[in-house]
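There's a structure below that I have some questions on.
Chain IDs A, B, C and D follow the sequence of writing; residue 1 opens each chain.
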Amino acid sequence: MIRFECDYGEGAHPKVMELLEKTNWEQTPGYGCDPWCEKARQQILKACKAPDAEVQFVVGGTQANQMVIASILRPFEGAVSATSGHINVHETGAVEATGHKILALPEKDGKISAEQIEKCFIEYEESPTQEHVVKPGIVYISQPTEYGTTYSKKELEEIYGVCKEHKVPLFIDGARLSYALAAEDSDLQLPDMARLCDIFYIGGTKVGCLFGEAIVFTDRKYADGFRMIMKQHGGMLAKGRLLGVQFSALFTDGLYEEIGRYADSLAIEVKKALKNKGIPLYYESSTNQQFFILTDEQWAKLADKYAFSDNGPVEGGRLLRICTSWATKKEDVAGLVAEIENL
Amino acid sequence: MIRFECDYGEGAHPKVMELLEKTNWEQTPGYGCDPWCEKARQQILKACKAPDAEVQFVVGGTQANQMVIASILRPFEGAVSATSGHINVHETGAVEATGHKILALPEKDGKISAEQIEKCFIEYEESPTQEHVVKPGIVYISQPTEYGTTYSKKELEEIYGVCKEHKVPLFIDGARLSYALAAEDSDLQLPDMARLCDIFYIGGTKVGCLFGEAIVFTDRKYADGFRMIMKQHGGMLAKGRLLGVQFSALFTDGLYEEIGRYADSLAIEVKKALKNKGIPLYYESSTNQQFFILTDEQWAKLADKYAFSDNGPVEGGRLLRICTSWATKKEDVAGLVAEIENL
Amino acid sequence: MIRFECDYGEGAHPKVMELLEKTNWEQTPGYGCDPWCEKARQQILKACKAPDAEVQFVVGGTQANQMVIASILRPFEGAVSATSGHINVHETGAVEATGHKILALPEKDGKISAEQIEKCFIEYEESPTQEHVVKPGIVYISQPTEYGTTYSKKELEEIYGVCKEHKVPLFIDGARLSYALAAEDSDLQLPDMARLCDIFYIGGTKVGCLFGEAIVFTDRKYADGFRMIMKQHGGMLAKGRLLGVQFSALFTDGLYEEIGRYADSLAIEVKKALKNKGIPLYYESSTNQQFFILTDEQWAKLADKYAFSDNGPVEGGRLLRICTSWATKKEDVAGLVAEIENL
Amino acid sequence: MIRFECDYGEGAHPKVMELLEKTNWEQTPGYGCDPWCEKARQQILKACKAPDAEVQFVVGGTQANQMVIASILRPFEGAVSATSGHINVHETGAVEATGHKILALPEKDGKISAEQIEKCFIEYEESPTQEHVVKPGIVYISQPTEYGTTYSKKELEEIYGVCKEHKVPLFIDGARLSYALAAEDSDLQLPDMARLCDIFYIGGTKVGCLFGEAIVFTDRKYADGFRMIMKQHGGMLAKGRLLGVQFSALFTDGLYEEIGRYADSLAIEVKKALKNKGIPLYYESSTNQQFFILTDEQWAKLADKYAFSDNGPVEGGRLLRICTSWATKKEDVAGLVAEIENL
């Protein structure tokens, strides 16, 4: 069985493992107050061209989402999100567990628009029963989205413009950010991300690390008290230096960008094969996730050999997803492309 | 200014006030453990023909909703509700504040169907990523709905059937229940309510009391620990007997039903006048709330004299709501009807 | 049975009931946005000589405590309280239910000292593991305390001095405040309360109202967002004017102060009788609660006729409490005094 | 600087690292549903002689504590703990953040007794105001305690006996369990732990893993819904197999026990040196933590060369702690012993 169903099926990129191994006997203080975290912090700030930002490292994405939102919102505020947002449908109510409603807006290709967000703000501001409704207190989007699609620089500028006008912080889930930045049609790089939101995170779990997300508070005021929130949520790793070590490896010699390019290029090969074969793509993605519809017959031909993510029956067959990553082997992609051609 | 904008604009029905006055110097234990609460409890159980049910009194509807839901759900469970449900849009995130997501289903005339609810249950049960999504743990509906519409006996039987099949309790918000039971087209009475759900409440605030909701746990197991939840949420009234006294007055000589009939009949007079005039009704309501659209010109003629609830601009004019109650004066309704005829 | 066990055993002071009755048919907007709430607000601000303060009315004390604390604290902050504080032992974990730890300090006669509070602040500020401990974010005291004792002006000045120095707001639970202000040995009046804390409340439930507490935010910044918190916790009364009406009656012609003096004077009569008889007082209280120890034999003589609050066995007998209120009858006190003399 | 201040200053035991390295390219499903987790689960159940127990792996101890307690308690229940319990003083209010009070009992040498716990249960059960107080819903103890002391088999049997009698589950924090089991004076082994509580965890973070705690639900009913709680709290690791791999290494060829013995024996060497020198020990510990008092003069002699955990000034000097672990070097202990002898 060759697994394409997710981008967290293996361990860590060899260069990350190597540094973990190499530093294993070093003695450091705990909880992220060690030289490796400090080094990785500086590497990230440099890559983001954001010398005044603050960086905190946490183990996983659900933690990052839950803790950032819980830290920033007052009790009567909620988080604006696409209906398809990870926080709205794949975290077992983690945000609500901290007391906050998610104000879900209908998505289009996994995205929400500046116009929708502005309308949401204005409806609240003009509500005759404002004290009875939840105040939009943060906007949450993902880059790339759950469907592999991406926000363009223009879209992001518009969204952030609306957020700033209405004084609501913008928070970007970058669990797979590398794959968005590396996309052929991307016009955004790390410094753009840092410039166009208040908080975002650079995912490591799905981009070469064993685990880990680096949260960047481009406006430091939003980091106030965050480390206490981390500890309170069990999100402060005892051996915090493991996060520093891994992100330091990722931000050495362009490994982070390299992984994104590598995985995207393999996904695009599959996408091209699907297109050539006339197999319908469900979303127009240029990142490491590709969604497409196979007839039951087509799927039967592949299912024994390949693990895809199965999103159930849709019109025309089954909605399937493949993911690529740093660990995807070129020969496995070539093999899959050949199989697609023969469907 | 004659106020039709809500059904909680005055104090209490004179018979309720009279009993409060009459019992004012009585000495009783606090927190609802007094003879008046016990008496009212028995009156309610008799009216519901549910001798084995449990009754608890609380001050308000948001409290009732929040506490019942928080008491019954485990942390990873959520409440199924119409998008227009009071808990979803008018309680400043009270349910989420206790840690639970609201699983909102699209409403039709303020209602959700057995079919929708069943689909929601099945989607959860069949979800390949069940551990990552919120489990539907309670179903919340209102009778009548936010829009004055009502569930029929058949609809309620279907909904409760689905709930029982999937072992999810059904909870009915009856803040305005009297107005639903008294509706001309109603085929439901109190014993039906007790038979067709696990928990419901009989609203007093909007039906003749100064305040107060009587929560009926038709399945007593759902009342386990509820009084602790009440105290924890500040929902256990020190002078609890005030609730017992008021509900006892309400359930003496059919006052509760009488108030419903009185208010509904006045609302129907207005509805008829609107219909006769060709003014579009926004929802088909036979209860004490009527929603309709006036042109700006029409509204201008009435706005100086009458207070309606203004739901903002819609196609064709403004969406307005009138409410009637025990306190609505017949002459005021007659006056309004005459004005409508002259629009 | 003559009941001395609490100060919330009857309804409302006749003047309060009279005004409720008189205003019963008035039509007002809901949720505390009515002329009666506005009037009561002004009366309270005048009585407090605090024209710039903000006042909000809620139904009960547990609600007031829970909502003020939840509104002000960030998630990682806790409330400093005496171990005997109402929030620590009599509210079924209401504060913790909003996510906050209570940092309990040992009490002496129900009180905590400026010295203790300062030590608590300094321990936090100097903690080498500050990120791992709960930050003291608000100080909660009661005036009078659970044991009927009171803080003197000097004690309060010292406590507030420490709080201001360390930038932690001081919140005073005044559920029985009237009885503290009216005490013979009191050197504090309402304007002192307003001057010596950031938030306090004026209890109505135990001082002549059916229910109701008036929260005074002497520093308005702490009221920011509070009405949303009220709604979210089910603490915003639909017929809010009932609170305004009652507090307006209480602050007309000195009724609030009169009730305090009346109840205290009756309690002192009992206290004197106890002292004369040589019955040990458990706390030195000059307010409406008196705690004392009766031998089992003595208690047996009174238990058939009188209801006291029974705090269980202590060295020398049973610890009992009597409470007086606006509703206590002089003849009942005279009768009790006579019985004590004959013990 | 030679670091003795904690037992999580290095990476992982070489055998753990080796297996992580060896399995790095394996493809597995995520979230702990992989063959390595299954293998480790079976190894642990075998070591515990508890074939019917359930095991779940999480990243850290604060997470384990918070999630187990939040999963088991109803909203009005609290966790009984020693005042010195980790959940009470070192987790930034993590338990309270889930809505639950900690019912802290005074500790003796870091421990609480069956007698204290029983008294706490009985006080609740007999409370005349039971609805107003927090119900003890779980008992939390640590083995070893925060002070390195341990519960004997007899003490544990008594505590569990009381818990079973009062139907309250017993939960044991075993973050450093290996060091308790390996202690010279220990009469408890893993099967005893499994037999004498309802839930406990086997700490990996401080015993040779990069991170990870294996929670053993000896009574499976307490595991119901736990995986949803894990996901909701961000405690379900995407690459869950990392936990399985590490615990599998730990439970192969007795590594877990070996690490405990190794670290304890080094700590005892230091303890003996302290005793011989007449340096006062603050607690009588036979595990990997030793607490002792050095005069300022003595401390000055060591502080340049060694990092200890500094608990601040106490009578007679400073309270210091040393920790040993799998990573402590024998020659460093020998060096420290020599320095102590020369103090």
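Going forward, contacts are C-beta pairs under 8 Å (C-beta built on N, C-alpha and C of every residue); 3 or more make two chains touch, one makes a residue touch a chain.
This is a predicted model, so every value here is computed, not measured.
Asks: Sort the other chains by how far their Cα centres are from that of subunit D and give me the top one.
Replies: The chain lying farthest from subunit D is B.
Asks: Count the touching C-beta pairs: is B-D or A-D ahead?
Replies: Per the contact counts, A-D leads.
Asks: Please tell me the distance, in whole Å, between the geometric centres of subunit B and subunit D computed from their C-alpha atoms.
Replies: 50
Asks: Would you kindly tell me how far, in whole Å, the mean C-alpha position of subunit D lies from that of subunit A?
Replies: Computed value for the inter-centroid distance: 34 Å.
Asks: Mind pulling the residue numbers of subunit B that touch at least two other chains?
Replies: Answer for subunit B, listing residues that touch two or more other chains: 75-76, 91-93, 97-99, 131-132, 228, 231-232, 236.
Asks: Quick one: which bits of subunit B touch subunit D in the complex? Just the residue numbers, please.
Replies: 31, 70-71, 74-76, 98-99, 131-132, 135, 225, 227-232, 236
Asks: In their complex, what parts of subunit B are in touch with subunit A?
Replies: On the subunit B side, the touching residues are 75-76, 78, 89-93, 96-102, 128-129, 131-134, 310, 312.
Asks: Along subunit C, where are the residues that touch subunit B in the complex?
Replies: Contacts found on subunit C: 1-3, 6, 8-12, 14, 17, 20-21, 23-30, 59-67, 91-94, 97-98, 205-206, 210-211, 228, 231-239, 242, 327.
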